[in-house]
Amino acid sequence: MSILKGIVGGILGYLLGAALVTSIRAATGAEPWDFEVATMGAYLPTVVGWLLGVGVWEYWARPWFGREAKPYTTVGWRRYFNFDTDHKVIGIQYLVSFLFLFFLAGLFAMVMRWELMNPGRDILTPSSYNGFMSLHGTMMVFVAVAAIVGAFGNYIVPIMIGADDMAFPKLNALSYWLVPVVVAFLTASFLVGGYDTGWTGYAPLSVTTRTGALFFNLAFLTLGLSSIVGAINFLTTVHKMRAPGMTWSRLPIFVWSIYVTSWLSLIFTQFIALAMLMVVFARTLGMAFFEAAAGGDPLLYQNVFWFYSHPAVYIMILPAFGVTLEILSHFSRKPLFAYKWAVGGMIGIAAMSAFVWAHHMFTSGMPDVLLKPFLASTELISIPTGLIMLSALGTIWQGRLRLHVPMLFALGVVFNFLFGGITGVFLADAPLDIQLHDTYFVVAHFHYVILGGGIFGLFAAVYYWFPKMTGRMMNETLGKVHFWWMIIGFNFTFMPMFWIGMNGMNRRISDYVPNLGGTNRMISLAGFFLGMSFVIFLWNYIYSWWRGADAPSNPWGATTLEWMTSSPPPLENFDVIPEVVGGPYTYGDKSAKHAILEPRL
Amino acid sequence: MTAVGHAAHGVHEAPAKRLGINRLGLWFFILSESILFVGLLMVRFSLLGTYIHEELSQLIGLMITVILLASSFTAYQAERSMARGDLGATKRNLLITLGLGTVFIAGVAFEWHEALEAFPPSTVFGSVFFTMTGVHVFHVLTGLVMLAIVHRRVRRHETTSTDSWPVEASVKYWHFVDVAWVFFYPALYLIS
Amino acid sequence: MGAERSDNRVDLIIVAVLWVALTGAGLWWATVTNLHPIGASSNAVISDEAFDLLLYLSMPVTTFVVVVLGYSVLRFRVSLDETEDAAPVRSNRLFIAMWVLITVGLSVYVIFNPGFTGLDALAADKNAEMTIEVTASQWRWDYRYVEENIEFLDADGLVLPVDTRILFKITSQDVIHSFWVPAFRVKKDAVPGLITEVYMTTTKLGDFAQDDGFRNQCAELCGTGHTRMRTTVTVLTRVDFIAWVDAQRNAEVSG
């Protein structure tokens, strides 16, 4: 129901905004109707209308005007389709939404690999290839940016720190309900014919190309808004909502990763908002930021864009590191090795991420004097990244490894990220990057980082926390099949891409020179194989949620707080407020305790 | 803005704790928003250096700046009177702030009208000018909406001095918008 | 405790042996395998040497992680229902110190070599014998030979003399494109309103029919025609090149 009201609100908002813009244009003597200008003007009313309709008005804003807020539904499946402020509901909303986006974007990848299976044209025109490629990239980036943070940051972080909810539950719901707007704009871009700029949306192409690009810009803008709101919430939550005794050095590493990530989102997301705004204004109002002929600077976009989008890589990967280290410790039954160094590594990565953006621009025509500083800063960022690896290896060394499915995925992250990280050192080397930039070497590199690291981390988290979130166990055997299928498919798909990249296959092309045909065919087949592994996952995920064995409160024997409450946890998470008395990883020390939960008097 | 803990679950933290949470959240929000303004300043200087279009009206620029600064003072007075429990003065000061903010927007609108001739958005200076002032005016507008809602609440005794967070929040936000202009004004009008 | 410690020593020795062996095998593979396509310019040497050096340097790092990871999984795994904890080792000063020292050392080293040395080598010689203006637009390449004063609009091919230092001056008329010749390891964006420059010396004869690395392929997404935005590249002997230039001039006169 509330979704319906939201849609009505959104449509009314759009009509209102478009009417306003059109009448202003009519009054100034311009051609009254212009789809893009009207849409630009209607953006804000549309989003506000949707939000008000979907629940902000009824549950939140009414008291501002002296009315009673509507009470929340607290039980039943309906609240998952409602404006609900329970962080656990929101976490599941995020998880399901972004898994859906992930599979959709994965299907687009299958379409692309089909086209690339043979030289020449198979099923797509160059233009529709560009459309699928752009949507695939955009949606996957959105998934990588928001899935772990939105799903597990929301669900798990408050429980891990012993809080009853996030600091701002209503803002939390708001940040989730912006996600359907993002999806709606992406769908709209598809309906008006797509866009062909890739997820990077470089100006001036994004200014002159077809209308779909406008919706891409608005979608990214909206996701940015959602990220910023979420970041404010996470930062405040971690600062203010920790249970008594939960000092900074007792925070589980996953909480640290979300905390550091939130700083990145808080600071850098504004730059993507700015980049998108400038392109929207250039498209609709004819602004000249990027127009060389008018004195603008075509490279300005890239600078602003990468000033966000490089840190965004860490927004994608840091939460996966957090999940990985968390799981490695619990399933090695050994305290996290070099905890402080790992935290320092995360902070170091975040701090340095502000100084490396132009490594995406070595061939762009940026001033030559800047090549060396950016080469140097980029190579140096492998030092804090190495600390994460140090912590991972030190943790499993001499551990007692129980290879449950989450553990397999966590080990997979370490393995895959190794190749993603090492090839990053190659790409950071400007003299070499001249050849590798914009080739499949880069495609392979960032898929190793984002899919091999980030998405493997996402699946590790799904398998690890599924019992907590649903109260049911996932099937272990199917999980193992999924893992081995996925990691084999993944490596066979992306390892050869390093080679074809070095051998002259550039990015974002629907056709290539004939002698790359053999390898491309092999990559496509491996890609389809990889794609099929998710069928196993989906079956396991849906069936287990529906019929899986009941999960005990602590199926893995793990030590952090979320395992000290029922599966799923009750409203407000704990019956009593936990008192934290020690570090989160108390393995190997019978006398050590992380927290005590004793009934309040 | 008027967050009262978990309206959903019916559990409330101690009001002092909630106030601390709200304040910190607001600071994070202001920090993030100020980055947007920093970004705009970076764009301005990277595209134009210190160039200023000569037809930019210095008089209006100075006037609206003075008006906005004055409104920050009245907003501050509103918060002070709220703390004293003087609802009458609070309402009066909020109303003056609202008026000054509206005048500011009118001033910008007038300037836009002139600017459309002198340096339209299709020029680089126009792009920078309209985007910077546009983003800022948008923040002024949201501030006005917040202040208007708060004024209504104070008038209807829905916000009282025991729960003055809405007043505090909207006034703090208003100060932020003013401070942002304090950086924009010289960057747009004075440096050259 | 004593037993555990000696266990650890055995583990360490095995890992060390595996590490050395795998690193050796990796380095051997790296030296006998040619991963690079044909390189036909002075810049290709710099690029390929950088790649090889980084490959050698990264080999021990990669094998170390792989060996520790693989060995730990095989050696330290226990059955799933096992509940006993491992010994709570939270830190190991020597290991951390070594790790930090080595990663800092390697990172700093690669900044200078192949990083700065490569950049300096690429920028060393700014005396070109020949200048070619490359203009990109949606979706075609235009080449203008400045000294020879001949021009090709919507060109099919780029013809160059061998053993010649060439300056490419690249620009665009609409969106951003990128001038890329894989065999030359040369890539530079074509940006509207900006003239970007690349210096390189041709070192090998060749053409597209013989090796598809001899092509100018647009490397920056520029819209629908991006995939097809390419021309062939041909490197001729200097004598043949002069003849080719003359032929073009005659064709121009008669045409």
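Lettered A, B and C in written order, each chain numbered from 1.
Everything that follows uses one rule, which is that a contact is a pair of C-beta atoms (placed from the backbone, for glycine too) under 8 Å apart; a residue touches a chain by one contact, two chains touch by 3 or more.
Keep in mind the model is a prediction, meaning the values are calculated, not measured.
Visitor: In graph terms, nodes being chains and edges touches, is this line, ring, star, complete or other?
Guide: line
Visitor: Counting C-beta pairs in contact, does A-B beat A-C or the other way around?
Guide: Higher C-beta contact count between the two pairs: A-C.
Visitor: Average the CA atoms of each chain to get its centre, and name the chain whose centre is farthest from that of chain B.
Guide: So the chain farthest away from chain B turns out to be C.
Visitor: Which integer distance in Å separates the CA centroid of chain B from that of chain C?
Guide: Computed from C-alpha means, the inter-chain centre distance equals 50 Å.
Visitor: So, what's the distance in Å between the C-alpha centres of chain B and chain A?
Guide: Between these chains, centre-to-centre, one finds 32 Å.
Visitor: Take the average of all CA coordinates in chain A, do the same for chain C, and state the distance between these two points in whole angstrom.
Guide: That gives a centre separation of 29 Å.
Visitor: Any chance you could list the residues of chain B touching two or more other chains?
Guide: Chain B, residues with two or more chain partners: not present.
Visitor: Would you give the residues of chain A that are in contact with at least 2 other chains, written as numbers and ranges?
Guide: Residues 297 of chain A each touch two or more of the other chains.
Visitor: Any idea which chain A residues touch chain C in the complex?
Guide: 126-127, 129-130, 196-198, 200, 202, 204-205, 208-209, 292-293, 297-299, 332-339, 341, 363-365, 368, 371-372, 375-376, 379-380, 382-383, 386-387, 389-390, 393-394, 396-404, 411, 414-415, 418-419, 422, 425-426, 429-432, 434-435, 437-439, 476, 499, 502-504, 506-511, 513-515, 557, 587-589
Visitor: Enumerate the contact residues on chain A facing chain B in the complex.
Guide: Touching chain B from chain A are residues 59, 63-66, 69, 72, 74, 84-86, 164-165, 167-171, 228, 231-233, 235-236, 239-241, 266-271, 273-274, 277-278, 281-282, 285-289, 291, 294-297, 300, 303-304, 571-572.
Visitor: Within their complex, state which residues of chain C touch chain A.
Guide: 8, 11, 35-37, 43, 46-47, 50-51, 54, 58, 61-62, 65-66, 68-69, 72-73, 76-80, 82-92, 95-96, 99-100, 103-104, 107-108, 110-111, 114-116, 118-119, 121-123, 174-176, 178, 180, 182, 185-189, 191-194, 196, 212-213, 215, 217, 219-228
Visitor: Mind pulling up the chain B residues that touch chain A in the complex?
Guide: These residues of chain B touch chain A: 1-3, 6-9, 11, 17, 20-21, 24-25, 28-29, 31-33, 35-36, 39-40, 43, 46-47, 121-124, 126-128, 130-131, 135, 149, 152-153, 156, 158.
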